[in-house]
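Here come two complexes built around chain A, the first alongside chain B, the second alongside chain C.
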Partner chain A sequence: MSMIKRNRIALIFLLVALMAPLFTDNQYYLYIVTLSFIWTIAVYGMNLIGGYTGQLSLAHAGFFAIGAYSLGLLTVDANVPYWFAFVLACLITTVVGFFVGLIALRTKEHFFAIYTLCVGYIIYLVIYQWDELTGGVRGLIGVPPPSPIGPISFESAESNYYLVLAFLVLVFVFMKFLTESLIGRTYVAIRNSEELAQTIGINTMRQKLVSFVISTFLAGLAGALYASFVRFLGPEISYTMTTFDMLTYLIVGGIGTLYGPLVGTFLIVTITQSLQFMEEYRMLIFGPLLVFLVIFYPRGIVGGIQMWKAKRQFKKRQKMKRTSSTSTHEGGD
Partner chain B sequence: MRKLLTLTDVSVRYGFYEALTDISMNVESGELVVLLGANGAGKSTIFRTISGLNKPLKGRIEWQGKSIGGSSASKLVADGIGHCPEGRKLFPNMNVYENLRMGAYAVRRNKKALSETLEQVYTLFPILEEKKGTAAGSLSGGQQQMLAIGRAMMSRPQLLLFDEPSIGLAPLIVEQVFDVIKEINRNGTTVLLAEQNANAALKIADRGYVIEDGKIVVEGEREELFANDEVRKAYIGA
Partner chain C sequence: MGMFLGGLLLLMTTACSEEDPSSTDTAAPPGAPAGSGGEEVEEQTEVVEGTEVVNIGFSGPLSGAGAYYGNNTLNGLTMAIDEINADGGIEVDGEMHSLNLVSLDDQYLPDETGANARRLVQESDTPVIFVPHSGGTYATQIFNEQDEVLLASYSSEPEITQQGNDLTMRIPPTYDAYVEPFSEYQMERFGPKLSMLPPSTEFGMDWAEELKPVWESLGGEVVHEGSVDYSMDTDFFTVVTNALSDDPDVLFVGGSSEPTAQVMQQARELGFEGGFLIMDQAKLDEIDNVLGGAPDVIDGSVGVAPLVYDIHEGNEQFIHDYQEEHGNDPGSEAGYHYYAVYIIAEAMQEAGTVEDAHAIRENLDDGLHQVPEDKRIYDVSEVDEQGGMTTELRMAVVEDGEIELVDFDD
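Our next item is the complex of A and B:
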């Protein structure tokens, strides 16, 4: 019972998400929401290494693309069975992430951000230039949809929606356990001060690497889902702009919070879609909005709500203290 | 007595600046040794080098007879060297209990030891138990220092390095802090204490070293240091 109560917000989200397809016949809405869920998974990865561990990685679109292209190439060119290719795609991304992390994490702060930015750009160039493998600018067409699991097939928009939702729920639960565990607190300790973390016995290099590898795994997973959902891949998904889009979702939602990626990605992806008629001018809205948030709500919408709740509770407690102290006073008179 | 820690001709540089020159010192099991020195003398650098945060340029550091010159900071904590850093560095967004829990990171697999040590810390600092749910960042300066000390105890070190625990605290609190350090030492933890407050520190110490400009200039038993004219002039002000 108390578990339900404690997680009621997550459960309400889940309930709404489960019922959403029943309320709309509009395939386009479903498509957008599915897409936002896929990005959310990638943003969770970015949140783990950037938000919790304090190492802002700007190679994230690159890893997303590695996952996507791995799945695409394995299924289209190599005819590997879908789910086997899916697992391989995640694995390949993770292995690349491990080796990149091994070197990148020797740099700190700004240098880490710049280094990973370069790594991301190199991944983009490789995808763009390696025509024979990736199809270059032309991209990769005809990525198959997920093959059926038992009696469930993934041809329709609804089934794809539920598949992605299932992965998102798994990722959310995983992130919840991870960030509330001692390991999660270890990451926060590193964000706080790497040196202090070492002083209390944390092997910071190893912990940062694990965090980074998990974050690339999540990017790869999202990429693989993206490939078979959109079914067409172009090099632009690995471009630096994609990383900054994800960063925007994260900052708006709340960096270093559990719900931040969920809230930020959903809001921005859906709002962007409904503002599509404005084309590039919509940045006129997002730009100032972002500046406003960073100045007044550095931990985004979710961080802002948490602050507001904490303040309200504090006031309540103060009030209770005051009334109880006056009443005992009267009793004494 | 058994030599726990020995430094032989240790030199440390920051870039080209030589912060420590040929430091030789030792700490025996069970002792409370004080390291006196003015601002910038090199006290923190010695501590950082012992606990693996800085690497010595030359010289030898031995812990229980084994050379540890190149070991990582995290490994040394697991090996029994605790460090309570300068300026009471805490995790300000974590509460008191979580800070203590993080301090036990090196011994996290030993659940029984964990609850035992937590009990010890709470006995030594009842205020920490009272405030266990409070964010560390909203404690007073004195409480923060107590939490920093408590957290350093949580890894159950054999040797604890205290880097200027009295800095910026009211005289009454300073006295409390030194009493606690003495108590920790009496309970079996070897202590190396860096201080500028020579008077108070020497009162609880067995032995001491005086460091100036990265070199050890005087060393001796407590009484010898109290009696030493230069020490009196420079650090005790009498």
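Our next item is the complex of A and C:
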């Protein structure tokens, strides 16, 4: 019972998400929400390495694209069965992430961000220029939808929605256990002070590498889902702007928080759609919004709410303390 | 904090509200079909009071690098729809209908086109959606048959109609039709050595891939295969120098007219005296305008026939009206979109329905032959079984500094 109480917000989210297709037959809404769920999975990866471990990776769109293109090429060109290709796509991204991480994590802070930015750009250039393999600027056409699992097929928007939702739930649960476990606390320790973490016996390089590899796995997973959902891939998904879009989702939602990627991605994706009539002038809203958040709520919406709740609880405790000390004092008289 | 969150939640609610869009529609008249128009979508056209409204969808680049192109395509659609509505609309199955254009910006991104197309179907109930780029076309072809919406694609990529999508209409001619006549003309005039410098876009790569075997089969030799990225490069001397290093007779260029003009000018400045083979995106008249009238630069070029150099009874009024309304010459994007609206409107009348995309698609060829003479912008002979418009093509050549039109047969 206490577990349900502790996770009531997540359960409400889940319930709303499960019920949503029952209340609308609008394929457009389902498309947008499904797309936002896919981006959320990728942003969870960015949150793990950037928010919890304190290493801002700007190659995230590159890993997202590796996952997407791996699935696309394996299914379209190599005719590998879908789910086998899906697993391979995640594995390929993870392996590439491991080798990139081995070198990238020898740098720190700004240098790590610059290094990964360059890696991301190289991935983009490879996809863009190697047209014999990737289709280059032409893109990759005809990525198949997920193969049926038993009697469940994934041809309709609703079934795709539930499939992506299932993966999102798995990622959320995994992130919750990971960040609340000792390993998660280790990441936070590295984020707060790598030197201090080393002095208490943490192998920071190994932990950072594990965190980086998990984050690339999540980016690859999201990329593979994206490929079979949109079913057309172009090199622009690996461009650095995509990384900065993900970073915006994370900053708005709350970097280093569990709900941040969920809230930030959903809000920005839906607001972007609702303000579409403004075309490029949308940035007039997003720009000041981002500046406002970074100045006043550096840990985003969720971080802001957590801070507000913490302050309220602190005040409550202080008040109770004062009340109890007054009554003790009165009792003493 | 609360107010801020409230604002965000309000925006979120707006984005996902289930309200019937027609209730906020200012353009649609009473009696319009449910879901016609909407507050969140842009409308450019005025409908006729007392008629049923048929929404025509558009998803194209209206912001970003492709905005100029996207707006040109939109201008053609808007002009045709305004004219049809000004004439009282179209009579379908005994009832008058007016057309309403609903446009959305996709910034040239296929996943945005996919989202927009679904939005147009769901919120505006559009039986037809215009998409002016191949990536967006592919993204829409994934579901347009399932959702029963006719996709009017402005892409000269042959594959879009070859993959058997029953609800696709290809508006422009396929680019492969230009390759052989352009090659024959330039090889005969200048010689067999070709240097290729297409833009590093999907279209440029496709053109290059088509051109190379044709050029070689005619006995020519490709001496250089490069590309130029207009989104990254601003100075083209290095790539043009490389392209001219093997002393070619003909230089293959293309892309948007503005950077193509710069590449051509720089080639001349570097001493190139051969001919230019220009892919069908750039327009010779626009290139000439960009260069401020430079006959020595464009002399020896071959490209697609500019609309304003091919004036006849079918497009005279359109060109005049376009120039008056927009202050510049219409390009083929505007011309073809304008023509396509008329073909679809006539096909709706022939099919007796404004909703059944299959019936409209089946009647496109009949619709084409019903388009009034003064609206036939191009010499289109048929809409073939695969949905492609077959246009009788002519090419433009520059001889002695003058742009002249030549029939392919000549």
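General observations
To be clear about the criterion, the second predicted complex is superposed on the first by the 321 of 333 C-alpha atoms of A that agree within 3 Å, B and C clash if a C-alpha of one lies under 4 Å from a C-alpha of the other, contacts with A are read in each partner's own complex, and residues count from 1 in each chain.
We adopt the following convention: contacts are C-beta pairs under 8 Å (C-beta built on N, C-alpha and C of every residue); 3 or more make two chains touch, one makes a residue touch a chain.
Just so we're clear, the structure is a prediction, and the values are computed from it rather than from any experiment.
In this overlay on chain A, chain B fits alongside chain C without clashing. For chain A, the partner touching the most residues, choosing from chain B and chain C, is C. Of the two partner chains placed by superposition, only chain C is touched by A:308; chain B is not.
By the touch criterion defined above, A:32 lies against chain C but remains apart from chain B after alignment on the C-alpha atoms of chain A.
In the superposition on chain A, A:182 makes contact with chain B only, not with chain C.
In the superposed model, A:99 lies in contact with neither chain B nor chain C.
By the touch criterion defined above, A:204 reaches chain B but does not reach chain C.
Of the two partner chains placed by the overlay, neither chain B nor chain C lies in contact with A:83.
Judged by the touch definition given at the top, the superposed model places A:138 against chain C, while chain B stays out of reach.
Of the two partner chains, chain B is the only one touched by A:196; chain C is not.
Nearest C-alpha atoms belonging to chain B and chain C sit 23 Å apart in the superposition, given in whole angstrom.
Contact residues on chain A toward chain C in their complex (touch as defined above): 23-24, 26-29, 31-33, 35, 128, 131, 136-139, 141, 230-232, 234, 236, 266-267, 270-271, 273-277, 279-280, 301, 304-305, 308. Residues of chain B that touch chain A in their complex: 51-53, 72-75, 77-78, 83, 85, 89, 91-94, 98, 101-103, 105-106, 108, 151, 155. By the touch criterion stated above, chain A contacts chain B in their complex at residues 182, 185-186, 188-189, 192-193, 195-196, 198-204. Against chain A, the residues of chain C that register as touching in their complex are 1, 5, 8, 11-12, 14-16, 18, 40-42, 62-64, 104-105, 109-111, 114-115, 118-119, 121-123, 135, 138-139, 142-143, 147, 159, 200-202, 204-206.
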